[in-house]
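Structures incoming, each one as structure tokens.
The same subunit A turns up in both complexes below, where it pairs with subunit B and then with subunit C.
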Partner chain A sequence: MAATATGIYHRSYQREMALRHTRAEYLRLALLVTALLATPYVLDRYWLSIVNTILIAVIGAVGLNILVGFTGQISLGQGGFLAVGAFTSALLYERAALPMPVSVLCAVLLTAGAGALFGLPALRLKGLYLAIATLASQEIIVFIARRWTFLRDGSAPLSVERLHIGGYQITREYFEFQWYWVLLGCAVLAVLGARNLFRSGLGRAFMAVRDQDIAASAIGVNVTRAKVTAFAVSSGFVGLAGALSAHYTETVTWESFTLEVSILYLAMIIVGGLGSIAGACYGAVFMMLVPVLLNESIGAVGDSLPFLSGRLPAIENAVFGLVIILFLLLEPRGLDRIWQRMKDYLRFWPFRY
Partner chain B sequence: MVSRAYRFSLNSSRVPAGEPLLEIRDLSLRFGGIHALSAVSFTVTQGQVHAVIGPNGAGKSSLLNCLSGLYRPQQGQALLHVRDDAGESSTHDLARLRPHRIARLGVARSFQNIELFGHLTVLENLMLGRHIHMRHRLLASMVWFGPARRQEVRHREFVEEVIDLLQLQAHRHQPVSALAYGIQKRVELGRALCVEPSLLLLDEPMAGMNAEEKEDMARYILDVHELRHVTVLLIEHDMGVVMDISDRISVLDFGRLIGDGTPDAVRANRAVVEAYLGADA
Partner chain C sequence: MKNIRRTAALTAAATLALTACAPGGGGDESAEGDGPIKVGVIADLTGATGDVGTPYNEGMLGYVKWRNADGGIDGRDIEAISKDYAYDVPTAERLYKEYVNEGVVAIQGWGTGDSEALMNKVTADELPFMSASYAEVLTDPEEAPYNFVVAPTYSDQMRVALNWIAEDAGGPADVAMLHNDSPFGLAPLQDGQDWIGEQSLDLTMNAYPMPAGAPNFVGLLSKAKSQGAKYVVIQNVSSPAAQVAKDIKAQGLDMKIVCLNWCSDELFVETAGDAAEGHVLVQPFAPSSADADGHADIEEFLEGEGSSLEEKGVHYVQGWYTMHMMAEGIAKALEDGDLSGPAIKDALEDMGAIDTGGVVGTGEVEFSADSHRGQTGTGVYVVEGGTMKQLDAGVTPE
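Let's turn to the complex of A and B:
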């Protein structure tokens, strides 16, 4: 790790603070950009729809990591905050006929507010106790979403009209393709925003609270305010993910925001790497993609072994669980750490040390 | 030894040297039946190195914790005198303020058991010392280009001076948890200096160090004091060091102040010799 810093010289603090320094880093960035630009032209509709759900998950996972990984406040309320974002944007778009960017912005702000409110227990509680308190907020929000008939179309889930922004209309034919660009734009902004946050003072204060809250207060960080702000900022990102999912799936129902979703997102950031923006992205990709890949491959096996066919879903779940456990055993600090080690290895290749 | 001209003053107190900076009055702190502090009173003068000594459990750390708002004394006051740019003076009772408010008055500290931000690098720890001097706006931070980056660069320049003063150059980008104990102690001093202290509180900055490291640390503290005129209130066990570097010494024993004066006066004080120096005198 220390090795990565040797041999890179900076001429100004600005340059040193840049996110990328070396030729290799710029090359990787170029490859990533090319891949992202090529994706919608290479993949078919089915795979593109999966990529789209991954992009939404990336935004949600980055949001959750801001709170859990960077500020050290465990939250089981992710599903609830996704719901707040989704219902708010859907209702404002459907019933108040606000343009989508406005309804999404309102959803972000409202979810941030809800996050700050439900984050208040964090001022008193830590660790597992806080987890239980956020679990309560999760259940309260889902309970409201379930019982409040205003959030439904009669007896059916709330449906959202196909997206149009001004004159720009998403068409049936190019649905996934057009959405890809919208979601990619949002995800890139979210990731960059979060990266920037953590190289400036505000984000550092969050990390200080995570590492040592007493020392943080002794250097002048208002720990109370930092925690509430972290809840709000994190929930803002999560609200964005929720709002986008409402418009993308064109239907909103409480069933998509249960505790299981909260746990899925926690798993994303743990597998990806707590306290790392890149880790949140890797984790989102991993948790959304592996089940699909397993489904495909086990389905193929199942075709040749018909006696298994009834048990495929169970086998899929078991293998998925196993893969997660294996990854965590191999590198408890997540995919991000594995990637860092690979880079270090390549930098010195073919020399081992 | 420090030859370079520095751009920034580390001392943010504008109280003239020789005037009282901190007046501790009748400070009492109990934990259940334990009297950690009983009616302790003394004054810290601007521009001095003031040491607090006493045997284990005498209440030294408790005193510092009261001054930085971590403990709430049941009685008494700790009045910090502050003078603003315009020369207006005001007085703040540290015994009644929350820790981050106290830090905003420029009272910075180090801890007896190092309390650094373990996952962060030396640089990030020191930049956090600048927290109270920075503006923290969410949108500007997320955009980065513009005000946020300019602010980072500006404070980075300050931090680099502290790095230079404490000779931490080689460790800038290392996570602090990976550093040797002595260097972590130095980083903690650095983080407090980055606050631009009006009063620097050090809880056993040399504890657990070997002779050479102690000498270095004493040198850094003296540099901070002599070149930068920072007022220091320090707890230390090593009597040799204390007698050498302090202008004034207060002695605690079982939570009571049993001596207060210049090093020579304290050395001549019977009660002090019996309670504390007895072993080495």
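Let's turn to the complex of A and C:
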């Protein structure tokens, strides 16, 4: 993480600690900020709604990457934790009439607590065994969401009133536009928070546990605490994503938090790059865009090839699987690594390294 | 620290400035003019309920083709944008947004899960929404002002089924309710239990969720057997229901199935084969074996397409008439000179009873401002000689 490329020298400790070292990195940041600011003015409502779902996915993927990519603890419970966040925030907002920031914050804390609880098996289990234990947490949470009638509005699913914060009310006409700023703000905070987490002692302890837990405990890392904290911190991010999705979609049903969602998020961080915050963002963008772009491209040729448009979901699944396999085979470290290799290639040209 | 504070202040100021000058939101442009009238269709062709979703969707698209060939609505074509969502709620939400962006004036949905998930959205966006989900909550204009339910609700079907069972048993009887483990499956359960209490029917009903993708239901049936169940009400689609019928026959159990509408079809009869004989089907839409005047247009259209109603089955009829109701609402709204969502909603509420030629329940579908429950009556059929033989027509829960 802290390692920088050859050829870049630092003259002060402060410079070395900086998040960005080269002019090109600052240029990229400027471009990114401009693009993010321009997005809602360029895209129409449909595409903006896709961007909004991507922003929620970014928060969730960053959270999952903290656990899987940085701490090395596999989790199949993502969907369940999203559900905890979504239901908590929706219930507090609707039934306890708390303002949205408070209800979301409570959802984050409660999901973090739930994450720590379901993370306890991680103290004893590793690898495949832990995967099955977290799979159980997914199934338990979704089972509760299915059966507990308290989590429904009578016979209807839990509905969430259109968002208002203080006197500020989301309007129908500018729904996606206004939500874009809310979600962008949260996503930026989440990304910055996670990025900085790994410059702190706690974040480094996570990585030490991932690389070799016995060695980590030998150098004084409290492995127990690190693992449980990793589950809590990761679930906190996931809870934020779940809470935002509840307010954004305005309806909470367990059907949006199935095992498939957990696997989709795992796919995001595998494709984006395990152990990289930027990778989680790339992966979220990529995996959310795949079905949309497939839909568009098949829609474009659909009239000449009705055979394809009738099988869209099947093709979607096939492409989904293919993408994961290709990434695991060709670049297991994901999109983030591809981007770094491209940068290195330019930087060291004409030498290879 | 100072730096951070300055950046934070700047960001806050910039955000405020940016949100203040919002771009113009798109309107319902396509509602005006003479172009085609767009209707979004969320279909399940390949998902968990694809076996019945496919003919339903074909029925809708068939109706649109037939109506357009007949001059459309007031000279304008209906353009049905139909996409498969594979019974996945997030996909349905995405398709819905896509349709809204394309400027559709109404939405035809499919399952209970997605209809309920989209309920608030269609209310906020003021888009009339019909679906193949007949959940009770969707009929209440207070809760779901833009949802319309064409057929008797699952709860009404359940009440009819329970009445039939009580009469058939002629005394105390045990009922096992096997249901799809989803909002769709659970929809009529509580109302059914309440009905037994209200009507003081001498029935005991236990519910058993059917695990998705199970190779057989012998385990569930043995539980039902130890409960002493003689009747099995199934709220699920045809394929698993047919499996239950086969299991009952293979195990030599003395149980009679009563299917609610999603497994009351030719597919159940064909798939279960001999094992289907004697079981009872509650189906609000008249199948091809029951002669109804409303079948004539469909049969003529399908003949022109080189197919037949026997081949397409009852869910084709269902899709056809659901689209018919929506088209009638749109036609009335156009006549009144306004094709917006609220206008179509008002038109559906005010247009009075629409005759379906004896196809739906007691024959007519009618909405009002107080109730979006189009029908309460349903037909009851028994499987005999591999066909659906009508026992009763237009039975309402009383």
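We take it that the second predicted complex is superposed on the first by the 332 of 353 C-alpha atoms of A that agree within 3 Å, B and C clash if a C-alpha of one lies under 4 Å from a C-alpha of the other, contacts with A are read in each partner's own complex, and residues count from 1 in each chain.
Simple rule for what comes next: a contact is a pair of C-beta atoms (placed from the backbone, for glycine too) under 8 Å apart; a residue touches a chain by one contact, two chains touch by 3 or more.
Predicted model only: the values in this text are computed from it and were never measured.
Residue contacts after overlaying the shared chain place A:221 against subunit B, while subunit C stays out of touching range.
Using the contact criterion defined above for the overlaid structures, shared-chain residue A:21 touches neither subunit B nor subunit C, since it reaches no partner. Applying the stated contact rule after C-alpha superposition, one finds that A:211 touches subunit B and leaves subunit C untouched.
Once chain A of one complex is fitted onto chain A of the other, the partner contacts of A:333 are absent, as it touches neither subunit B nor subunit C.
Within the superposed three-chain model, A:233 lies in touch with subunit B and out of touch with subunit C [touch as defined at top]. Only residues 14-15, 18-19, 22-23, 25-26, 45-47, 83-86, 88-91, 93-94, 97-98, 100-102, 113, 116-121, 124-125, 135-137, 143-144, 181-183, 187, 190 of subunit C touch subunit A when the two sit together in their complex. Of all residues in subunit A, only 37, 40-41, 44-46, 49-50, 53, 146, 154-157, 159-160, 162, 172-175, 177-178, 181, 185, 249-251, 253, 255-256, 260-261, 291-292, 295, 310-314 touch subunit C in the complex they form.
For subunit A in complex with subunit B, the residues that touch the partner chain are 2, 5, 12-14, 17, 192-194, 196-197, 199-205, 207-208, 210-212, 214-223, 229, 233, 275.
Those residues of subunit B whose C-beta lies close enough to touch subunit A in the complex are 68-70, 98-100, 103-104, 108-109, 111, 115-120, 124, 127-132, 134, 136-138, 140-144, 148-149, 151-153, 155-157, 173-174, 191-192, 195.
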